Amino acid sequence: MKVIADLSVVPIGVGVSLSKYIAACERVLREAGLSIRLHGYGTNIEGEWDEVFAAIRRCHEVVHEMGAPRISTTLRLGTRTDRSQTIDEKVRSVETKL
Amino acid sequence: MKVIADLSVVPIGVGVSLSKYIAACERVLREAGLSIRLHGYGTNIEGEWDEVFAAIRRCHEVVHEMGAPRISTTLRLGTRTDRSQTIDEKVRSVETKL
Amino acid sequence: MKVIADLSVVPIGVGVSLSKYIAACERVLREAGLSIRLHGYGTNIEGEWDEVFAAIRRCHEVVHEMGAPRISTTLRLGTRTDRSQTIDEKVRSVETKL
Amino acid sequence: MKVIADLSVVPIGVGVSLSKYIAACERVLREAGLSIRLHGYGTNIEGEWDEVFAAIRRCHEVVHEMGAPRISTTLRLGTRTDRSQTIDEKVRSVETKL
């Protein structure tokens, strides 16, 4: 099952500068071979369900290893059985109607 | 790794009455032996990371099998390494300060 | 326009104990006269759109005044024009199908 | 109070093709003069709190007027008092650490 996800990871207990933790998480997602797209409040991820969730778990592990005692993550998850659609196709589908 | 999650599943393309799909998803979570708590805009889930995510995947599969061609889910995910905390403890921790 | 919302406020830069900030936010929502329901990963809120959002803004202001330099909040928002539905009705609608 | 938001609007009860509703919402945000950035699972929005929320309310109204009887929206909301930061600065702050 393919999934398009949108991930926003918030490390808690490490002060207000979070970008190094977010960058570490991005590297985990890239190393997992996932198709990703960073934006201003999270990251779009496209891939097989199990691969996406294994990478998100690894992301939590890495951010804890970096010293964050607590993490609060939000995820949006889209699956569909009617047809396949990539992140780029989703964006274009809206842009052509603007 | 333990996780406290909050799951809200929105089936798309099946009209406006969504409760039978949500109920099917609740049954999946219960059958997985997870500790859950239904509320007005989702369900709190407490358990081991891999068990929680296997159940959420199964929930998507079941809702698709019921006829929903598309699903958009939102998840909040909390993990912590400083101490363990249950859903009930989280709620009490706020209530005692009201 | 009526809205049913689900609010989760995460203060950043104040350590790992967040419950006193969450409790302050709960008091703001109550004082605004909104119908609310605390759960393990947020709070259900029911009310008129403008009243709900004025209270959420006030909640951010109060948490900043308490010393949190940064806040990351997640919200789910449901509106409908086909019929009115309360939080309790939403929960019962699922529970009767379990 | 400035806010950086991330908005994902899901119209319910209008089938599986949602892009025309999302595009209508984008136009509302642009016409409100807000700085926005469309991505694969939502839209980053930057602006003054009250202007951002007036536009999101207008977006719900327009999508209902287009025929959607029900809408389920998710929002992430970031405010900070320590310094100001734009969407582009947030993205660059992560990218320079990759």
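For clarity, chains are labelled A, B, C and D in written order, and residue numbers in each chain start from 1.
Basically, a contact is a pair of C-beta atoms (placed from the backbone, for glycine too) under 8 Å apart; a residue touches a chain by one contact, two chains touch by 3 or more.
Model, not experiment: these values are computed from the prediction.
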| item | value |
| --- | --- |
| Candidate from A-C, B-D or A-D with the same interface as B-C, over half of contact pairs in common | A-D |
| Chain at maximum distance from chain B, centres defined as averaged CA atoms | D |
| Pair joined by the larger number of C-beta contacts - C-D, A-D | A-D |
| Length of the line joining the C-alpha centres of chain A and chain C, rounded to whole Å | 25 |
| Distance between chain centroids, defined by C-alpha means - chain A, chain D (Å) | 18 |
| Numbers and ranges of chain D residues touching at least 2 other chains | 8, 13, 16, 69-70, 72, 74, 76, 78, 80, 82 |
| Partner chain A, residues of chain C touching it in the complex | 8, 10, 12-13, 15-16, 18, 69-70, 72, 74 |
| Residue numbers on chain B that touch chain A, as the complex places them | 1, 13, 49-50, 53, 57, 60-61, 64, 69-82 |
| Residue numbers on chain C that touch chain B, as the complex places them | 4-6, 8, 16, 19-20, 22-23, 26-27, 37-42, 44, 46, 74, 76, 78, 80, 82, 87-88, 90-91, 93-95, 97-98 |
